[in-house]
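Labels A, B, C and D are assigned to the chains in the order they are written; within every chain, residues are numbered from 1.
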C-alpha cells in the first residue's frame, strides 16, 4: 500500500491547484459582462429592487473583499443562495449530486464491462476479422456525440421497444439501475471506445512483454499468466486513462442528464446557465472541480497500489 | 553545418515516400476521401445543395425521403439534404476555428515553456493542473454562458480551454528535442533562441501535434454540435448538425430523417478525421523505440 | 572439458520455424539440427536476426506471434513438437528452464521477487507456502544475492541489473531443470557483472549437471564458457564443433570472417566484427547458401544449391561448398597482415 | 295514468342524475409531467410560473374565478362592496377546516391578507395597494380601502391572496418570514386548497395528496378532489416529456410544442387539450426618436410601425409557429381577458397598404431594422426567418441579433433595441395588469417601447379607480383602440396552453391564467 507520507504529499499538492481554481471561478463569474441582478429579477422589477438584489449578493463590495468572502464562505461550506431555486447552493448540490455520481459510476461500470472482454478478444487475435470488426464499431462510437447516442437509444430502446423508461430517476436502487440504464449506456459507449482502444494496445504490448514470455517459459498455467502477469500490468495504464477521462465522463453526464431528464448536477448546470444563476454556476463549477480532483487523487492511489515503482514519494 | 541542423522530414523524397505509404493504407484512403468530400461540401454548398436551406415551403412539410428530397423535408418544408450540406460549412469551420487558435497559442506557449523551463514552467504546470481540473464541456459551457451563445463565443470558449492541451504536448516534445545534438549545435553557432525553437526544434516536434490536431478537429465537431444541440452553439435558423438534430428532436418517431441525416453527417466526418489521424499517428510514430 | 562421453539429452533434428502466411512463409529457422549432452554448455552464436533466439523459443514452444514449429525436438527421447500446451507446460520451467536477455524487462515489475520465485515452485512442486519461501531464500543464496531473506519482499526495480539477472537465474533454477536455455543473458550487463554471471552459469552447470544452451553474439563469451559451439547465419547452421577447434580452426567463410577479422592480440571479449554488407532479411533468403551475398569465395552454385552440414573432422560439421578456397582466402589475408 | 307520468319522468331524471354521478370515479392517482419544478409554492413568494400556477392547488382564495371568467364565491360565501367603493365585506362559510383539521377562521384570513399586502415580502404586494386595513369578527371579514379599486374583487380570487393557517405558519422555524415560509413549505404545509404536499424531491418530483377537509363539493355531493394523489415529474425536455406520455409512464404532459399538437391529437390513447389562455406573443417596437446609439430611429413614426404590422402575415406566422393552434391578436390583450375589446384581428395582412404607409413616412426606399431574438429559441428563429422574407419586398432589411434571456431583459429596460420578441400571460383575472405592462408609460415605459400617449395614460389612471363597471368598460375600449392605432407592438398572436392527457384521465383544467387545476380531475378505472 502507498505510504502515508505519499498520500500527504499528494494532498498538499492539491492546495495550490485549488487556490487557482477558486481564483479562476471567481474572476470568470465577476469580470465578464452581464448583470446577475437583472438575471435574477423578474422583468417586472423596479430599479430599486435591482439595487437591493445587488446589495444582497454582495456585488457592491470591492473585488478583493468579494474574493475573500468567497473563499471563507466556500471553506465553511457556504456557497451562497441560488437565485433560480431560492435555496442554499450547498443544499441543492448535495441533493442532486448522488444522482450524478450514481450515473457516473454506473456508466464507468458499463464501459468496463463492454470494453474489457472485447479488448481481450481483439488483442488475442491482432488484425483478425474479429479485431478489425470490434475496432471499427468502436471507432464509429468514438465519432458519435453523446447526445446523439442518447437520442438513438432513447428512440429505439425506450420509445419503440419500450425496454427501458424514457427518462427520469427511480425510487430504489434496482429501479435506478433500470431508469438510468440508457443514460449510463450513452456515456458508456463513448467511454468504452476510449478504454477499448487503450486496453487493446496495452494488452498487445503486455502480451509481447519479456516478463510474460518469461512467465510462460516458467510453465505457469495460462490462467495465472493472464491474471497475475497480463491483466494486472495492462490495468495500470487503463486505470490512468479512466482517471483522466473523468472530465469526459462528467461532460457526458451533463449531456445525457439533459437528454434523459435525469435530475443530477449536470442538468442543473445547464439550467443554472440558462437562468444565469451565478451563485449556482459558481458552486457547480467548484463541485465539478472537486469531483475531478478527488478522482485524480483516487487514480494516483490505485496506481501506486498497482505499481510499486510509483510508491516513492 | 546544414547537415547537422537540417531536419530530416523536410526532404522532398521522404515526403513523397510518406504520401505513398499513407495512400497504401485503406483506412487512410477512406478517411482522406471523407475529408476531401467534406471540405468540398463546406466550400461550395451553394453549388451542391439542391435547395435554399432557409426557404420555407409550407406545401411540403415533413415529407419523407424521396427523389425530390433525398433526405426528406423538415417541419417548415425545408430540404433536409440542403440543410445538412450547408451545415458542412458551419461544422467544418468549427473543426478548424475551434482548434487552430488553440494550436497556435498552445504550441507557442508550450515551445517557450519547454525550451526555457524554470519559473515559467512551474507556473504553467500549476495552470494546467487547475484547468484540467474542470471537465472540458463544463468549462466551455460556463464560458459560453457568460459570453452568451453563438459561434464566435463558442470558439473563444473552446480556445480558452483547449490551448492547454496543445501547450502540454508541445512542451513535452520540445523538452525531448532540446537535448538533441542539433539543438546544441544551434546554440554553439550562436543562433537566437527564437530561431532554434521555431526553425529547428519545432519542425521536429510537430508531428505528434499534427496527429493530435486531427483528433481534436473531430472532437471539436462533437463538442460544437453538442453545444448547438444544447442551444449554446450555432443558432437557428442557421444549419448546423447539432441544431438540426435538436430541431428533429421532437419528431424522432414521425420524421426520423430530420435527426438521422445530420447524425450520419457527424459520424462520417468524425470518422474521417479520426481515420486520417490514426493513420498519421501510425506513420509518424518513431520506429525502433 | 569432460572427457567421458555423456548421454545426449536434447536432440534437435531438422528444426524449421516459420511465421506469417502458410503460402508465403517467413522462415526464421531452417533445417537446424544439433545435440546437447547432459552437463554440456553449447554456445549458439550469430548476428542478431540469425534465428538463434527463435531456435531457443521453439524448443519451449513459446514463439510469438504464433510461429509454426516443424521437425523434431527430442527431449530425452520424447518429441516436444507435437505436444499440446498442457503437456509442454509440464516440461517448461520444470525440466527445461529459460532466462532472457533483458533482466530489466523480464521480471514483472509489479510483483515481488519472492512471489515470482515461489509461483514457479507452486507450479512445479508440492511444497507448501513455508517450504516455498525457504527454497526461495536458498535459491537467492545460491545465485549470490546477499541477505536473501530480507529481499523476498522487494520489487525488481529495487535490484541492480546484475542482481536482477541473478534473480532470473534463481527463478529458472527453482525446480532443478536439466537444461537451461540462456538467451543472451549477459548482453545487457556491464563487463564485470557479465563475468560474474557467466561464472555462475558455468558453476551451476558443473555442480548440478545441468545442460546449457547459451545464445550470444559475443565470441569472447563463447570462448570463455562453452564446451561446444554452433554458428548460425540466416536461420541456418553453418558450423558446429568443440569450442577450441572452431575458434582455433574455423572452416566456414562466415566463421572465418567472424574470427579472423579480430586482431589476435585483442582481448577475446571484443564484439563481433561486422562483415561487409548486412545479414539478409527473412523474406529475401536465397535458395542456396544464405551467406552467398557477403561471401568472398562464393561460386555460382552457392546461390542456388544449399550446402549440407557435412562432417569435417572429429565432432565437427561445416556447411560450405568452398571450404578450401575459404581457408586459402583467409590465410592469405592473415599473411598480409 | 296521469300520476304515472311524473313518476316515470322522475325515474328517468333520477337515472340521468345517477349516470352522470356514476360517470365520475373517485380515488386513484395521476402522474403529470411538468416542464419545470416549483421552488417555493407560497402565495406571497411565488414569482415564477411553475410556482404561482401551483399555489391555488394548495391554498384556496376567498373568491374564485368561475369557468366563464366571472368571479364566484370561494372560502367566502359572497362579497359585498360598499356603495362608495371604500370597503368590502365577506362572510366565510361555516365549518371550514385546514388540512390538519384545525378551523379556518377570520384570523387566518387577516393574517394571510396582511402578509400578501406587506411590500417587504413578495413581489405581488402592489396588487393589494389600495387596502388600508383587513379585520375580522368571527367569520365576518372586512377590508377597508384607501381609495376605490375596481380590481380588488379579482385580486381576492388571485393566488397571492390564498389563505394560509396563521398558527401553523408561525410555528415554523425561521428568523424571518421568508425563512419561515421555506421551512413551512419544506415540511409539507398545512393547506386550505384541494391538496396538500406529501413529498418533494427538488428538481425531480413532487406529490400532492388529497386534502380531506377541502370544502368544495363535487358533482356527487361529496367534497372534492376526486383524486387521492397527483404525482408530478419534472421533464424539461419537450420531446422526452412527450415520449414519456406516449410510453404510458405519465398521464399528462404540459407545454406540448405546437408542432406536435396534430400528431398527439391523432393518437387514440390521448386527448390533446388546447386550453384558452391569456398568453400573447408580441414584439415591442422601440418608438423613441433616436436609437440608443444616437442614430435616427425610423420606427419612431407610427406609420412605419403600422406598415410593418400590415406587412406581417399573421396567419402564416400562426401556421409556422403555432401550427394553427394560435389566433391573431385583436387587441393589446388576449380575447380571454376581462374587458377585452377587439371585433376583428388587428392589421390584417396588406402589403400594398404597408407600402403606401411607408411612402407616406418617406421611407419608400427601405431601411434597416434589427430583430433581437432569444438564442436557442426555435420559435424566434422561425419568426425572424419568416419576417425577413415578408418584409424584404418593402425594402426593409431585417437583421438578426441573438441574445440570451437576461440580456434581452437588459436591452428592453435600457431601450437598446429595434424590435424584439416577448411573451406575456396574465397573472390576475383583470385587464389592468396587462394594460399597465404594455401601455402605461410610467410603469415600464410601455414594455420598454418608450411609447408615451397622454390620453392613454390618463385613461389608465382613471380606470384604476373607476367603480362603475360600465364606465370602466368604456375606458378600456378606448384604451385598446388608441393602443392598436399607435402600434407600439408588432401584434403577433395568442396561443393556447397545450396539454396532452391520457384518455383515462378526465377533468384536468389549465385556467386562462395558467393555473394547474386538478381539483375536478378524475381517473376512469
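Please note the rule applied: a residue touches a chain if its C-beta (ideal position, glycine included) is under 8 Å from a C-beta of that chain, and two chains touch if they have at least 3 such contacts.
What you are looking at is a predicted structure, and each value in this text was computed from that prediction instead of being measured.
Farthest chain from subunit C (centres taken as the mean of C-alpha atoms): D.
When the C-beta pairs in contact are tallied for A-B and for A-D, the bigger tally goes to A-B.
Rounded to whole angstrom units, the spacing between the C-alpha centres of subunit B and subunit C is 52. Mean C-alpha position of subunit C lies 92 Å from that of subunit D.
A separation of 23 Å divides the Cα centre of subunit A from that of subunit B. Mean C-alpha position of subunit A lies 41 Å from that of subunit D.
Residues of subunit B found to touch two or more other chains are 148, 231-232, 249, 252.
For subunit C, residues touching at least two other chains: there are none.
Residues of subunit D in contact with at least two other chains: 237, 243, 376, 404, 407. Taken pair by pair, the chains that touch are A-B, A-C, A-D, B-D. By the touch rule above, subunit D contacts subunit B in their complex via residues 237-239, 242-243, 257, 259-260, 263, 316, 319-320, 375-378, 381-382, 384-386, 389, 402-404, 407. Contact residues of subunit D toward subunit A in the complex are 39-40, 45, 47, 123, 182, 201-205, 233-237, 240-241, 243-244, 246-247, 249, 376, 404-407, 409-410, 412-413, 437, 444. Partner subunit A is touched in their complex by these residues of subunit C: 57, 60, 62, 64-65, 85, 89-94, 97-102, 105-111, 119-120, 123-124, 155, 157, 168, 171-172, 181.
Only residues 54-56, 58, 75-76, 148-150, 231-232, 235-237, 246-247, 249-252, 254 of subunit B touch subunit D when the two sit together in their complex. For subunit A in complex with subunit C, the touching residues are 126, 207-211, 213-222, 224, 228-229, 232-233, 236, 306-309.
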